[in-house]
C-alpha cells in the first residue's frame, strides 16, 4: 500500500455499521492503519449499543481484535455519530431504514448490503468496472433530497464473476454466461452454515443467489451510464450456486460466448493488459494487477489463491482458460468473498469516492498520476 | 433384493481382478450373498499374488473385510483362475493386457477400467440406457477370435449424468449439455487425493475427466446400435470437473437443451415414468426406481442422498429442476461414485448379461416377467 | 433385533418431547418398527405445536422423515398427551418443568436431558452398568408424590467412557482416569457448531463438559445402590474435552489406574467376557456384544466404527490397549453420540424399565431366559 | 525481523537437502530475504538431480515458488556443493548416510531428520531450551573425526510440548506429563494422509510418534549438559497421538505434575516472564515472546493461532491453564508443525550456531546486546 496519492489534510473519520458481525470485523481489520481513513465510531444494533466492543464481539478473524478498540463503546446507528462516512455491514432489512436515515442526514454510506443495490439512482459500484456510475449520485441526492448518499457493492459471488468478465466484455462483448459457483461457508455470515450440514457434503442451494447472479447484478454492473441512468447490459446468465466445505474463497466455473470472435490468446491478452482506473490511480486498496492469471492446470484453488495478489484478498484470480464446446471459452474465476467480495469492495468504493472529490471538496491534493487518471475517467463519462 | 428371477442351477463362479484396491473391495463387498454369483477367486498384481487377502488388503469400507475371505490366497491374473466371469477393478494400463488375455481364453470380463471403453466392438454398457449394445459382443468375439468377451461401464461421473439424461433424450432429444461436477475424493482411488490438497479447498481439475464427459462417453452411451455398430448420438457437452472435500458421491450441476419443446412438467414426468429394462426385469442390483427425484429446494446433497433408493448407492438422484435462461432446463444430478459409478455398474452389467443368456446357455430358467422383458429388449434391437 | 422377549399384549404407546430437534429425530427414527413401542404422539415447543411435523421439522438424518408422520400434528408438551411413556429430547431448562409435570401426572419419562441427572432420587441409568439403580424409582415417586417417574441417561461423552470402564471397574477397581475427548459436531445439536469455526480446526472447549465427565456423572454411574441411595464410586477423573471436524462419533483417549494389578491380557479378557444384563436379557436395542474390540493399530476411528456392532450406533468400541507409563493401561474408546450417546440410551432405558415391570403390571409375559436375567438382577440388588 | 545483530561480512551460503518436499519448501520459503543466510544450492534425490526446480517441485505453500529459483538446477546431495551449511529435510534413512558424508566433509548440517537425534554426541537442540547442548559439537567432531558436524531439532509434536514445559521445568521441576495430541495432516509430509482416510474422521495412531514423545526426546531436550554428555531429565511422559482433519498446527492437551508446589498463578508467571536466550539475543527467527498465552476459554485453536506471534509459526501458544484433578495443572499447547515444528526449528538452530561462532571464526561482529547474551550462555555452560 505505497505510492498512492497522499492527503495534505487530516484523515477522514469513518464508522462501521454492524461492527460485531463477520463483515463488520473485516471492515474494522482493513481500516487499521488506512492511509486516508480513520476509524472513529463502531455501531451495532440496539441490543449491543452501549456495550464494550470486546464484550459484544466474538472476534472471528485470525489474530486479535485491535487492542485499542476493545474498550470502545458501541454506538447506536443513527444520525449524530461522529464521522463523515459509514461502511455498512448490515443485513438487508435494517439497512433499508438505517442507511437512508444516515444518507439523508449527510453521511456518505458505502454499503455491502443488498437493500439499495437495485435502485435506479444508486450506484452498484466496482471502481475497476463501472467508475462512471458515480454519476448517479447527483441524481440520487437531488431526487431524494438527501444531504449525503449511498453507494453499494455487489454480492460476493457476482463481484468476482463480473471482475473477470469486464475486460472481456469491453473487448469482445459478452453475450452468454454459464456459471456454476462453489462458494465458501463464510459467505453465509456467522454463525451461518451449521457444521453438521457441510462436513463431507455440498449444499447445492443458496437462497436468492442465483437470481442475483442471473438477473439483478451483472447487467447493471456492466451497463453504461448515459448521463442520467444506467442502461442495463444485454446478456444472459445461467447460474447454479453451491456451498462447499471451504472457509473462504468463492470459486466459479465459467463459460462465455462473445459478440465478436476472440481466440484464447485474445482473451488472455485482454486480462494481461487490463489496467483499470483504480490501479492506474493507485488507490490504496486497489490490487496490482486487478486480475491475476494462474498458469497451472489445476489453479486457482480457494485455499491457495484466495489471498493472491499485491493486496491480500482484493484481486480476482482466473485460470484454466480453454475453448468451450458450446460457447466460446471457459475458465475458472476465484476471489475472496469477505474481503473483495464484501468489506474490501466497500472500502475501495470509498477510496474511489474520495479520489473523485465526493468527500470534502478541496480536501484532497491530487498528484500528477492521479490527475491523469481523473482525466481518463472524465473522458469515459 | 427380492423378486428377481431365480436360478434353477448353481451360482455362477466369479472372480475379482485388483481385489485389494478401493473398487476391488466394493466388488468383494457387493458380491457377498449375491443371489446369482459366487465369489470364487480374488486376484491381485504379481506383487501381492500369493499373499493372504487380509495381509495384502487395507480394508477401506465401513465394517470389516468378510471374515471368511481373510485367509484366501490372492491369485495371479491369468487364464486358469477358477471362475467363469471376472470383474475388473484394474488401472487402465494393466487392464489392456490382462482383460484381453482372459477374454481370449473364454472368460466374460465385466470391466470398470477405461482400457476398452472406446473400442467400437466393446459395449460401454448401462443396462437401463443402452441394453441393445450387447449386440456388439458377437462381433467382438468373431473379429477378435476370442472365446470370451469384454463389456465395460462408463466413468463414474459420466454414469450418473447419462442416467439422468437418458429418459429426457428418449423423450425430447438432448442437443446441448452444460455440466459442472463436484466430485468426491474416493473417485481418485486410494490413496488418491492427499488430505493436504483438499482440506478447506476445491481442486478444479481432474486429469482427462472433462474429455471423457465431453467427447468420449455420453455420445456412445446414448448412441443407437444398428445391428453392427453404435452410431454415436449427436449432441454437444461442455464439462468442468472439480474435486471437493466429500468422501463419496459425485454431484453435478446440469443445464440441457432439447430438440423438442419440453416443459418442466414434461421433464419431471419423463423421470417419474422412467421404468427401464433392468427394473422391469427385476435384476438383483437394479434399483427401484432407477431415478429418484428429491423435492426439497436444497437436494440432492452428497452425504444425504448418495445411498438413496432401494439398493444403496445404485440409483441416480436428481432435483432442483428449473428453467435455464440459456438452455431449456437445469437441474442437479447425484450418484455414488464407487457403487453405481464403479463396482455396482459392472455388477449390474454382469446380471444383465446373465439375463440375456451370455453365460452358460440353458443355465437360466427365466420366469414370465423376465420373458416379457426379454421380448421388449428383442423388439428394441 | 431378534430373539428378545415377545409381548403377549399390545405395544406400549410412547411420545417424543422435542421431536423436531436432532435428538428428537433420532428418537423418531429408532422408534419405527420397534417391537415393544408404538409412537403415538410427537410434541414440540409452543412455537411449533399445532404445525404439521413435516412443516416444523428440518429432517437431518440420512433417508427421509417416515412418510406417515409428515402429516402428524405436533402436540404441546403437557399432561393429556396420548401415551404412557415419553422420551425427552428437551434442552435442560424446559426439561426441568415439563418432565416434572408429566412424571407427576403419571407418565414414565425417559430423558436425555441433564435437568434431573444429578438428583439423588433419579436414576442416571445405563442398563449394562447400573441396572439396580432403578431401585431409586420407588423412593422418587414416594418422596415427590408423583404418579409416574423420571429416569435419565448420561451425557454422550460420559456414556461411552463409563461403558468401556465398567467391566474393568468390576474386575480391578478403577482409581484414576485420564481422558481426552475428540467429540463430533452433532454433539452440539443443530444448528450447533458453525462451519466457520470447525473447518480446518479443533475447538478445545465444550461448555460444562469437563465438569460432567470429571465430577458429576461417572461416580454416580459406577456407584452402588444401597437400597436407599447411590453411594458414589470413589475415583478421580481428569478430562480435556475437544470438538473436532467429525460429524458423528465421540473418540476418547483414555488412561486408567486400577486398585488391583491387571495385565493387558486381564483387561482384554474383562472386555471380551463382558456380558451384562441387557445383553443376556436380549433387550431389543441391546447390542451384541456391548463392547467391540478392534484389533488394528489405528482403530477405532469415528467414521469407520461409529456404527459398529449388531445394532448400529449402540455399542461402545475400544482398541489400542497398551501399557501406560504413568497409570496402568491406556486405550481408545469410541461411540456414536446421538444414538447410544442420546436417543438410543433413553430407548434402552425404556426397554429395561419394561422388562422390570415398571410399565403396566401384568402386561409383560417374560420368557425363561428373561426370568433368569431378572433373577440375576434381583441378586445384584 | 529487525533489530537482530548485523553482519559486517557477506551472508553465509546455505543449501537445502530434499528441497522439493513439503519441509524442503518451507526451508526455501523461510530463507528468502534472510538477513544472515543466502540460499546458494538446492539439492534433491538422484531421481530429481539435474532437473529444473520448477519442473521437479510441486509447490505446496501459499503464494508462488520464488520466481528466481524456478530455473535453478537441482544438485546431488554430496560433498562439493557450494555452501557452508545445509538444512536437511531428508527422510530418516537417506539422512543417515548423506548427512554424515557432508558433516565429515566439513559442512554444518542443521537437520530436521530423526536419523541422528538420539546419538549421544549430537545436539537435539531448541535454542530457547537447551542452548548449552551445543557443547556436544566439539566432542562429535573429535570422536567422529569430522570436519563439520550435525545438529538436529526435535519431532514437530515434541517441539511445542517441550517449549511449553521448559519454563515450568526450570521453575518447578516437571515430574509427570500426560499429553494427547491432535496433529495436523501436514505432519505426515506430502502426499501423506489420504483424504479418504481423514474426511469426517480422526486417525488415532501415528507410527512411532508416541515413542518419540514418551521416551526419546523430552528427556534429552530437558537434560543437562555436564560438559561431556547430556544427562537425561528424569520425568515420565504418557502420550496418545492422533491425526485430525486440520491442515497445519499440532494441538496438545497436557496435564503436568511438578516436583515443587506451584499455583496456577505461579505457572502463568513462569510463562509470562519467560525470556530465553534467542529472544534476548534477538536472533532473526526467534519469536517475541517465545510463548504466547491466550486468555479466551476456547483457545488456542489450530486455525486461529498457528501463525500467532511476531514471527508467524515460530511461537508456541498455550492456554486454558487450570487445575488438574489427578496431576497439578492442565493446559493446551499449540504450534505450527512445519514452521517451528520443522524448517523453522532448523533455521533457528543455524542462527544460534552462527551467534556462537560455529561458522567462520571472526566472521561475525557481535553487538553489545549480543555479547551480553553470550555471556549469559557461557555462564550457563
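A, B, C and D are the chain letters, set down in written order, and residue numbers restart from 1 in every chain.
Convention: contacts are C-beta pairs under 8 Å (C-beta built on N, C-alpha and C of every residue); 3 or more make two chains touch, one makes a residue touch a chain.
All of these numbers come straight from a predicted model, not from anything done at the bench.
Peer 1: Would you mind telling me which chain pair, C-D or A-C, is linked by more contacting C-beta pairs?
Peer 2: Looking at C-D and A-C side by side, C-D shows more C-beta contacts.
Peer 1: Using C-alpha centres only, name the chain that sits farthest from subunit A.
Peer 2: With centres defined by C-alpha atoms, farthest from subunit A sits C.
Peer 1: So how far apart, in whole Å, are subunit A and subunit C when each is placed at the average of its C-alpha atoms?
Peer 2: 50
Peer 1: Between subunit A and subunit D, what is the separation of their C-alpha centroids in Å?
Peer 2: Result: the chain centres lie 41 Å from each other.
Peer 1: If you average the Cα atoms of subunit C and of subunit D to get two centres, how far apart are those centres in Å?
Peer 2: 45
Peer 1: Touching two or more other chains, which residues of subunit C qualify?
Peer 2: Within subunit C, the residues that touch at least two other chains are 199-200, 245-247, 303-304.
Peer 1: Along subunit D, where are the residues that touch subunit A in the complex?
Peer 2: These residues of subunit D touch subunit A: 62-63, 199-200, 247, 303-304, 307-308.
Peer 1: Over in the complex, which subunit D residues touch subunit B? Could you list them?
Peer 2: Those residues of subunit D that touch subunit B are 22, 60, 185-186, 190-200, 245-247.
Peer 1: For the complex, give me every residue of subunit D touching subunit C.
Peer 2: Spelled out, the residues of subunit D in touch with subunit C are 176, 178, 180, 182, 199-205, 214, 236-238, 240, 242, 244-247, 251, 253, 255, 297-304, 319-320, 324-327, 330, 332.
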